[in-house]
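In order of appearance the chains are A, B, C and D, and numbering begins at 1 in each one.
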Amino acid sequence: MVVINIILYSLFAILVGLIFMGIGRKVSARMHLRYGPPFYQSILDIFKLMSRKSFTHNFVMDLGMVMALAGLLGTMLYVPIAGHSAFISNSNIIVIMYLMAIGSLGMAMAVTASGNPNATIGISRALTMMLGYEIPFFIIVLGLIISNNSSSISVIAASQAGSIWNWNIWHMPLGYIAMEITLQAMMGEKPFDAMIAPAEVASGPMVELSGKYLGLGLLTHAVSIFVETGLMVNFFFGGGSNPIDFVIKQLGIYLIAVIFDNIFPRYKIEQAVKFLWIFPTGIAVVQLLLLAF
Amino acid sequence: MNSVLFLIVIPLLGAFLALFGKKANRIVAILITAFTEIFSIMIYLSDKLPVSVAIGGWQAPYGINFVLTPLSVGFIVLINLAAIISLFIIRGEKEYQFYSTYLVLLAAANGIVLTGDIFNFYIFSELTTFAITALIAYPRNRRSTGAAIKYLILASTASSFLLIGIGVVYKTLGTLNIADIASKIDLLNPLTLELIIVLILTGIFVELELFPFNMWVPKAYFAGTASVNVMLHGMLGTAGAYIIARILLTMFAVNGSGMLVNANIANAIIVIAMLTIFVSEIAAFNEKKLKKVLAFSSMGQMGLIIFGFMIGNEQALTGAFYMVVANFLAKIILFVLTGEFIAMTGSDNWEDMKGIGRKHPVAGVSFVIGSLSLMGVPFFAGFWGKLAVIQGAMSGNSFMITGIVIILITAVVEGVYFLKISHTFFLKKEDEKEFNAKARIHSIVIAAALAVIVLAIGVHPGLIENNVNRATNEILNSTSNYVDVVFPGRY
Amino acid sequence: MNIMLMLLVVPLITAFLTMAILKHQKTVWTIFLAVSGYLSYALFTMYGKWDLSWSIELGFKMFGKNVVLSLINSPLGWFFAFFASLTTLLIAMFSIAYNDEKHDSKTAPIWLLLIFSNIGIFFAKDWLMFFIMWEAMSTTAYFIIAHGKEISAKAAKFYLSISLIGTSTLLLGIILVSRLSQTFDIGVSIDSLVKLFSTNYSAALLYIGLFITTFLIKSAIFPFYMWPSKAYAESPDDFTPFLSTVMSKYGVYGLILFILPILAKSDLPMFGKISQPAYMLAVLGAITSVLATILAIFQTDMKKLFAYSSVANVGYIVMGLATMSVVGIQGALFHSVNHMIFKTAIFLSLAAVIYRTGERDMHKLGGLVYKMPLTFLVYLLAIISAAGIPPLSGFTSKWLIVQALMAQKMLFVVVAMIFASTGAFMYLLRCLASVFLGQLPDKYKDIKEAPLLMAIPMTILMLLTLAIGVIPGIITKPIDAVLTGMGYNVEPSSWTTVHTALAKSDLNLTYLFYVFMVACVISLIMYLISGKQEKIDQIDNYTAGENPLEWDTTPDRFNFAYGFYQPFKQMFNPMLDLISFERWMSSFGRIVERASSALSLLYTRSEGAILMLYIGIAILIIGGMM
Amino acid sequence: MQIINYADEERRQEDNRKLWDKVTAYFRSRSLWMLHYCTGCGAMELPPIMTSRWDIERFGIVPMATPRQADILLLTGYASTNTMKRIIRTYEQMPEPKWVIAFGSCTVNGGMYWDSYNTVNNVGEYIPIDITIAGCMPRPEAILDTMVKLMNMVKSGDAKAFQKYKDNYGYYKANQDKLFARTAPVLESASLKYVHNETEGSEQ
């Protein structure tokens, strides 16, 4: 039963993530005054990529991409969706933080295995960026944990139940602002997309990914969008009363990120890290101090 | 017990005979030294100690007397042991002058330890000075002559101070007997006492290799051959430790307590000891000539021993005596091996001595054991001495705490250079050339045997505990153990 | 014969035995393996027998009593000793294969002496025994690190000077403390120090400061974090894991043995939820792990990189200890074992790489995964564990430490911890990408997989880290005994779940593993149902249409490995200059050398001799006047 | 060497495709990712079709950074002999199925550079081209029209030039070799040997 649950939840997350990506493309097209692709465009892309022939350099690439998707799916299973979960767990935040690293590790391994310098540069940037955003992210999470005396997301989400005024966004607005900036970096959207940078490093990590590898990469990205927005909903928006509510809140958060993505240019990697360590971190620290004392 | 005179007379006789001997000199010297060694051990083991021997029937304080206590005889044993080792490691043929002066040195060193009056002490120390000068100058090259002259000038200057000091003692107290002086020391006024102490200390500190007085040391060690180094260290240095125990802690002691009568001067000596430790260990750090390194280290150890003596409590004294033994053994190992190594590589520089430890692992390991003992690493004899000295110094004043800190800091420096040097022997030799000379098996055996003793004492310090306790008790109760021996019933 | 004594005697005797037959290297290392096997077995049987002890009275008086050296089987000592000897056993198996004609370091006898002192340290009941073994460990380690190589000797000198400072402070501390309690017994000295804390706070702080300095030096905690990068890098490749995993734990052991009980029992000024000295310790741990992580990111030598990584990991352990809570200490102990396992696996796999290629610089390697897939797999699982990623063992301990820090509200310390563990990801991947992935240089076209004897211990380590990650009870059960022995009240821990101090935050690791496996299966199905793949040549890369080989670019130059985090490094350059402890050390060394030359010059010149004599007399006269 | 005419072959067996192939063909036609290899001035015409005026993304056509990810190779203008080398390498790095669109007159007959010593007059001799667009330069409308045509071709399974390349590799290879024989001395005389400085030690 649990296994079936897990499969269903995984498919749900993938589907939601893909549709979000499509909607995101549509929204940015509208911001560019374009018509834009249909909202299901990402599903078409995935299908095409999966069905076409692909190149692999060695078995590490296969291993890495499978690991990347598995890691993100595992992470997703620990995120409670409006109080529902594929299995009974405490949804520990620290577990989620570390589980997400499997995805990054798998991805990094797969693309560096290709031996393309562009890919490796991209990965070096991605990891640097990761160090950049983990700090403010964790400080915000720490604030939440301290104020709830629990590292369980379920507890944090449950503490905001009831009225809309119980949401953490009102209790810790500074934390929310910092989180919004950090989320931009976590999702690799502009101005924090130095690792992708198609014009500089030929789309960085993805440079050697073809066919199904790119497909698995896109699926990973879709699930990571689901996880990151889901975390945000649980942290600041009360976690949602039912799955639909939850997904709508997620979409809102994702669209904010998309809008920011469309109006910002790109930071160089060291600028990005400096920015992340000064502004969101500073705001988060102020928030943390307010909570702790 | 008049036969104790043999310890001095026979070597002197041998010195005279050596002028006529040619090839047999070495055998004669070895036989004489073996005799004195065995004789001294027999005295040490006999139960007649302590005893005062009046020479020629004139009783103290008017006649010359030799005082045999466990402490003095114990030191005689050590001195003769060093002497016999120094003879064994002589490399090549030596002429009669060498053996002759050596035997004079032996007699003088024995005399310094045995004598019961301060004027004889002066005579014997002059004798050692000349003997050592001759021995250092023996190779007859520029380096050795320079070193010998330097030593001679310093030592003669010091002797003149010593002589003046003795003169002042005789003028004020009217006696030259150590026990007599010790019992009358309270009668002197403080300023005179201070003058006497300063004069006499200046005289003996040159031989003791303490810092501002020791400008001769590195050159002398560097110029001398390995056997002369062993003599300098094992005979002169050990006798020097005895002098401290006897002159400072018995003659100038507060009644029977093992503390110097003038506390200020005791502090000044501690300062000098600390300076010695510090200067010598730092100076050794960057030194490339192995013999000089060992010379500096000898100075440092001497400073440490004197520091131990000057603290004055039982623990520190025990430590100091442990240190005397450990330093004696360990440094002889190093000097013996250094002589071999220098002969093998033809270079004084320790950086050139790569590969020796790989060729002769026993020699290499013995050297390591010697250095570890000097560093005061556990499992080696030096550790217990150092531990006890530090423990003893803990109960002293803030001066002594500074001393501890200096000891610990210099221990780091010492450890670094000693292990650096030890490890060099185990490096791979860069060129495939053979060594210049072969290592002599008996030298390595001597070193290895001493290394085993160092290890044994380190693992089980109880081995020499009784002997050390006897020495410590003698210093602590000098009145009953020394003065009473010479003047029974004075107290 | 007393089993405690046997533990000491067996390595000691075999050390001398192997010294005699040093020429037959294979035999020597096999004996070494047998001894470590015996020790592991003997220690295994000793579990639970906490009344075993051995003592000897020496004929040497201190405090008016004869000195007694004694050993006792305590849960804490057993815990460290057992896992240390287990690690040694695995390394020993590796060493048999590693020490062939080319890589012959001839260190087995000294290593046995080191193991002897290792056991002594962990089972010492009194300070004298502890000190004796400690100093023996320091000096023997010097000879192994230097192992008859000039370049190693230079690095070892660095280790030696810092380590001797450590032993000096330890000796001073021991003598001060034992004077206070008039005995060398560790338990009594803890009580007397607790008493001293209530009467003379600053003196007590000085006393434990001396001990802490020693322990910090040995565990390479800030401000002494620099020496491992030198010593680890230059020591024999098969000894580095021992140095990194076992020897860095002596300081940790010392802290748990002596400092923690004092801080726990004394009445100290508080900072937040914990006492000020403990907080200080936590801050030191935090600084260490952050600095070491940053430095590790910028290394190009793989052994140096993992040397810093070890420093960072010990930093975590110290942070865990400093929480003074059950969960924190549990996490610290757990991480000690984990660090032993995964860091041994990492260093062994790197040693296998060095064994085959003879290269230590990461940017000169690459693509070794094709030639050494098993080594790669071991390395991969080990770094997953090191990065603290579930479901491998490193995660559990890091998680426990983080939870403990959060429960104690040590906010900035826990942020430092997260920084370090994210940064860990950066340097771990750097080595993975540069050494195992990427292009295979032509000169390594025909190297082989590591030999079987190397592969076996590596595989065992790999399986161990997985097993502990899935079933944490393997380690938490013995930790229960340790904590009980330390006087904490602990509930028996379960096989699968780890508990924390925070509400509703327990974690079932076995379940986590199942979930991850199911996710893997889903992902694998996705992979399998999609189109066919074609394997292409490694050098066939997108390079804007250029063919790199035509431009005289060889595969190893084609790798992006040298300035891996160059932009990131530029951010830190000013700071790196500032914190270069190494530079301070070497400038201090230069000062000593100059002073040394000046002083020995004093002795070579003859002119001043009499002048110095008079200066000496002046000192005596002035001293007497005062 | 005989050239198989795929268009005729296809027309004969048009409806023999399986359902699965039809489905994949539909998806492929709706998600064409292009790699625009900007060899010449034709690249100027691409920005208009990607931006708000013509917005090619509504057909699922987006630009990609590398040949690994792309389905269509766009040759936007004349190709010199050295460029041709890159074009061929890029083409061969694309995974199948893949299509090529050639832009403007230059790719067909050399255009206004036809008599230059280093211009490739007919790109189609070296790589298989699915559709060429005439004009110097072609208007965006023409490009858009071509894209839609290609989509239809993909959907119907007509666009099979990559098969042609595979089956007639000998022919193409011979042409390519003949072409590159001209460039060899140029490359050798230009001393482009890259001197690599081995940098030792740690970065710090």
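Here is the rule we go by: a contact is a pair of C-beta atoms (placed from the backbone, for glycine too) under 8 Å apart; a residue touches a chain by one contact, two chains touch by 3 or more.
Since the structure is predicted, the reported quantities are computational estimates derived from the model, not experimental observations.
Put simply, the chain nearest the middle, going by average C-alpha positions, is C. Taking A-D and A-C together, the chain pair joined by more C-beta contacts is A-C. Relative to chain C, the chain whose mean Cα position lies farthest away is D.
Each chain gets one centre point, the mean of its Cα atoms, and the points for chain A and chain B are 78 Å apart. Centre to centre, using the average C-alpha position, chain A and chain C are separated by 35 Å. As a whole-number value, the distance joining the C-alpha centres of chain B and chain D reads 94 Å.
In chain B, no residue reaches two or more other chains under the touch definition.
Within chain C, residues 534, 540, 542, 544 each touch two or more of the remaining chains. Contacts with at least two other chains are made by residues 51-55, 202, 207-208, 211 of chain A. All chain pairs that count as touching, in label order, are A-C, A-D, B-C, C-D. Contacts from chain C toward chain D in the complex involve residues 295, 298-301, 304, 361, 534, 540, 542, 544-547, 550-553, 557, 562-563, 569, 576.
Chain C meets chain B in the complex at residues 19, 22, 58-62, 131-133, 135-136, 139, 142-143, 146, 148-150, 153, 156-157, 160-161, 164-165, 168-169, 171-172, 175-176, 179, 592-593, 595-597, 599-600, 602-604, 606, 608-610, 612-613, 615-617, 619-626.
For chain C in complex with chain A, the touching residues are 366-367, 369-370, 376, 380, 384, 387-390, 395, 398-399, 402-403, 406, 409, 411, 414-415, 418-419, 422-423, 425-426, 429-430, 432-433, 437-439, 500, 502-508, 511-512, 515-516, 518-520, 522-524, 526-527, 529-544, 555, 558-561, 564-565, 567-568, 570-571. Residues 37, 66-68, 85-87, 89-90, 93, 95, 187, 192-194, 196, 199-204 of chain D touch chain C in their complex. For chain B in complex with chain C, the residues that touch the partner chain are 146, 150, 153-154, 157-158, 161, 194, 197-198, 201-202, 205-206, 210-213, 215-219, 262, 264-265, 267-269, 271-272, 279, 282-287, 292, 296, 315, 318, 358, 361, 365, 368, 372, 375, 377-379, 383-384, 387-388, 390-391, 394-395, 404-405, 408-409, 411-413, 415-416, 419-420, 423-424, 426-428, 460-463, 465.
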